[in-house]
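Each of the next two complexes has chain A plus one other chain: chain B in the first, chain C in the second.
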Partner chain A sequence: MQSHKLTLKQNSWMQALLMTLVVTSGLLLFAVFCFLIWFSLPVFFTETTSVFSLKWQPEQGHFGILAMVFGTLSLAFISTSVAFIIALGLNSFCLLSRRRWLVALLRSLLRFMAAIPTVVYGLAALFLLLPLLRNGLQLGSGYSLFAAVCMLILLILPVICVMLDNITTPLWQQYALGAQALGFSPEQTYMQVILPHCRVNIGGAALLGFNRAIGDTMLPLMLAGNATQLPSGVFDAIRSLTAHIALVIATDQGGEAYNSLFASGILLLMCSACICLLSRYLMGRHRLEQPE
Partner chain B sequence: MMFKTCSVRLVAIFTLLVSSPLIADELSAFDKMNGQLNIAGGTAHIPVMKKAARQIMGHNPKIHITIAGGGSGVGVQQVAKGLVDIGNTGRALKNKEMNLGLNSFPFAIDGVAVIIHPQNPVDDLSQQQIIEIYQGKITNWRELGGQDRQIHLFSRDEASGTRSVFSKKLLKGAQLAANANIVPSNGAMKTAVSQDMGAIGYSSVGYIDNMVKAPRYNHIMPTQEACASGEYPVVRRLYMNTKGVPNALTQAFIDYIYSEQGAKHIQSSGYIALDAQP
Partner chain C sequence: MSRLIGYWGRLCALFIISIMLILIGFILFKGLPTLELSLFFGDTAPLAAMMGLQPVWEGIWPACVGTLTVVLCAVSLASVPGIASGIWLASAPDKPAQKVFGLAVDILAGIPSILMGLFGFSLILLLRGSFFPQANASLLLASFCLALLILPYIACATQNALSSLPKQLSVTGAALGMTQWQVTYRLLLPQAKSGIMSGLMLAIGRAAEDTAVIMLTGAVANAGLPGGLLQRFEALPFTIFYYSAQYQSQQELNMAFGAALVLLILTSIIFALLAAIVRGRNRSKFGPVKSLIKERIC
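Let's turn to the complex of A and B:
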């Protein structure tokens, strides 16, 4: 009796502590938003500054970040779409292949890949991929959208793959036998039953990969060339918003170049917050839809 | 045998006794000191700082010196906030930065020179040619008497002191082509240019070795001597900056950089030493 009471007391105490932590972290996140908005407001609402232009020439007084916005988006779109297709292939392989040892190996490899720091990918590409592009294929200096996309695919592939795996494996266990009884081949089961059933969640997984691609700094900084231009092809150099922040952070505070960082920051934060909420919403619908 | 070892030892001890006052003269200022000295900022300064730090820490292991890069902008920011004791810049402080209460100590002259791949046959570029290359008007090495190869432009980040000198004194404010690749340090510039036959970049003269080649500029070879005599015009001073009056250890370090040994480190890093300003 005594001990039970104690637990209850402890329980409510723990709850209070957890609540405080939740509220604090929520407030902190809110404060980050407020802080960024407060600092970027003057940048957005001053006549003289031209944040929303394509020209970035600090020596001539042009501080437009649209080229970087375009760079980030093209980088994220291309790498997510390619990674997504590869991930679907790997996922079907994991479910359908009869070589279970190979599947186990693939799964552990993907989990291992998720733990590799991006700077390692960047360094490897700097000394292996770039010389190949430059000397082997004669495609400019090698620093390009293409190089960054290649390595970003490696970065976000495990994210999407592991999520797809988590979504489809329980469904497969649930439906495979029934579908087989109805005369579906395993391939048909995957295409006609599993995929349509978790369409929405798969979208959520892709969005999380997209978010990761937008937020990565090291790979575009090391590989994409950081040129402030609109690329005319995948072998042109681009600068992502994240790399832009990393490069300009050291300029003098209060200067216009420095202020453009706040605009970049708020764009990135809003982008990833929206995507995060959307993917949460999509993933959440899975539980509602699941028939029991 | 025994006698031989003894005599060797004796000679060694004797040499040490005679020579130590000479060697330790400049380092003896650090004898009774301990603590940590943090340095950050310009990447051109790093070779000098490293050599000095190795000597000082070897002389007195109680002193710990950390050296970080980041560029001139980082140097100013961090020293102004008190995060580091010495913030290095490859340019003079701007008025706004002076008002933060910073003291500047110029200690070396450094040239900024164009660098290309060592196997690139081009070995003389005029200022006008360099301006047109960086504006994106000249796009092939053939136009400059080289091989038929596309020119790959490399420039530095916006906070770089090297970039500001290059842009002001060599490009004369000409607009940089938008397709120029940007690298974040002198070292990264050298790596990028040394791997790319079509590359053109620029770096501090102290970073030039056989990995890259510096073509003559208006027929002048960008060497240390040409920088010192003023014959090569694209030069700048390298500064150490402290916030307010430096503490004892920081002051000792600055004095050491200005000493004869410090001048040797500056020389061997490829720069020209300056005397302390009164």
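Let's turn to the complex of A and C:
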């Protein structure tokens, strides 16, 4: 009888401990949102600073971040669209190829790519890709949107690819035989049965890649040149929002520059949260009916 | 028309495999020749450097120790709350409170890591402005921010691992008269152990590679061995970044490549452990296997 009481006591203690931990971590996560929003409030409610302009000249008192916004967007759009097309190719290869050992190799390579630190990518590009751009194509210093996009593609490719793989493999197992019986070739099955069936979910996977692309700091910081201008071509130097945050804190400019810091922070947060919600919605909708 | 996708797929596969071979080969080619004792300890005697008796100036040993310390601190801070949140999320996935919390965890798992750095930075500003004027960037702050970064990953992995277990398990436990804590601790957690372990591994890998957070919250280029929780420290990713941008001699550049190779080896070890865990889980008794990266992204 005594031990039964002890067990019940233990149960209630442990449940209370669990709830305490959960509430603590919930409050901490909530605090992150609140901090970033609270610190960026002055940006929107003071008249003097014009954060949303194109000029970034701290010496003359211009703290506009629109050029950085544009840099981030162009970086993310270009790299996501290219990576998405490559990912479709890789996905079709994984499903269609008859060399299964090569497919297994490719799948583990993709997972390994997700584990490689971004600084290592950045280092390799600094001493491999940039000399190529500098000496081979005669493009000045080589720090450009193009270099950053090249490495970002490698960075987000595993994300998109693995999600595509998770989506299409069950569908393939479900439909391949039937489609073959109807006279589809494997390529036709992929293009005309599988892809139309999971169009929406594929959009969700691409959005996850996009989210990863706007959030990366090290590659734009190391490769994109960090010039605060609107790019006129892919070989121009740009500065992304994430690199802007890192640079402003590193150079310790203080004062009004911090306002632009939190403005870019809140923009990134909002953007990332919206994309996250949207991709969650897209991936969850049409939850593909899989045979149990 | 649809024949093209076959050719495109082959081309992409060839392209990706060759690019990755070139990249990894380049790091190996540049990093392997530098990989000797003097890379780690410079001119200092190894034993004295390891004990912290003499400072190491031209080596990456302090950076290695700094990375290990900060990752250990972050994981020990984040693992228990993370696993607890995962258990709570999995216990009743359809209630509104859990839904809101799950949404917040999802969003936080996806936000750019530099925002965590910005959070740490604004935390210092706040502390300085209010009741702790000597607050500064430090090891403690960096590991706290890293812990916040990896907490959602651990929570997601735990939730996925628990909710992929069959429902009968907890129902049977309850029918046998076990309390809720006993069901969780004695039935569910042992079964979901490998899933939780792989989530922890992913979190460790994430914490070890992340540069943006520690760059804003306390990593510096020359700090020596980490002296305490409130001191600044060195870290491998930051060393790579710093020396690749501002090297002044071939020797410093070699240090960057050596550090990159060490970091790559470290993450490969974590990756191999992860693969071993997942392969072990394929043979587990209960539940379907969820794929590896699905949990990474949640």
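The rule is simple: the second predicted complex is superposed on the first by the 251 of 292 C-alpha atoms of A that agree within 3 Å, B and C clash if a C-alpha of one lies under 4 Å from a C-alpha of the other, contacts with A are read in each partner's own complex, and residues count from 1 in each chain.
Assume contacts are C-beta pairs under 8 Å (C-beta built on N, C-alpha and C of every residue); 3 or more make two chains touch, one makes a residue touch a chain.
Predicted, not measured: the structure shown is a model, and the values here were computed from it.
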Problem set entry | When chain B and chain C are modelled together on chain A, clash or fit | clash
For this session: Would you check which partner chain A:A237 touches, where first means chain B only, second means chain C only, and both and neither mean what they say?
Result: first
Exercise. Touching A:I160 in the superposition: chain B (first), chain C (second), both, neither?
Worked result: neither
Exercise. First (chain B), second (chain C), both or neither: which does A:L75 touch?
Worked result: neither
Exercise. Of the two partner chains, chain B (first) and chain C (second), which one does A:S185 touch, if any: first, second, both, or neither?
Worked result: second
Exercise. Between chain B (first) and chain C (second), which does A:L282 come into contact with in this model arrangement: first, second, both, or neither?
Worked result: neither
Exercise. Is A:A250 touching the first partner chain B, the second partner chain C, both, or neither of them?
Worked result: both
For this session: Please indicate which partner A:F30 is in contact with in the superposed arrangement: first for chain B, second for chain C, both, or neither.
Result: second
Problem set entry | Which partner, chain B or chain C, touches more chain A residues | C
Seminar exercise, completed: Running into chain B, out of the candidates 5-13, 41-49, 113-121 or 131-139 in chain C, is stretch 131-139
Exercise. Following superposition on chain A, which residues of chain A contact chain B and also contact chain C?
Worked result: 221, 246, 249-250
Problem set entry | chain A-touching residues of chain C, taken from the complex the two chains share | 1-3, 5-6, 8-13, 15-17, 19-20, 22-23, 26-27, 30, 80-82, 84-85, 87-88, 101, 103-108, 110-119, 121-123, 125-126, 148, 151-152, 155, 179-182, 185, 205, 208-209, 211-212, 215-216, 237, 240-241, 244-245, 256-257, 260, 263-264, 267-268, 270-271, 275, 291-294, 296-297
Problem set entry | Residues of chain A that touch chain B when the two form their complex | 56-60, 67, 130-131, 134-135, 140-143, 221, 225-229, 236-237, 239, 246-254, 257
Exercise. Quick one: in the complex, what on chain A touches chain C?
Worked result: 7-8, 10-11, 14-15, 17-19, 21-22, 24-26, 28-30, 32-33, 35-36, 39, 86, 88-93, 96-97, 102, 105-106, 108-124, 126-128, 154, 157-159, 162-163, 165-166, 185-188, 190-192, 208, 211, 214-218, 221-222, 242, 245-246, 249-250, 261-262, 265, 268-269, 272-273, 275-277, 280
Exercise. In the complex formed with chain A, which residues of chain B make contact?
Worked result: 70-74, 76-77, 94, 96-97, 150, 152, 154, 157-159, 167, 173, 175-176, 178-184, 192, 195-199
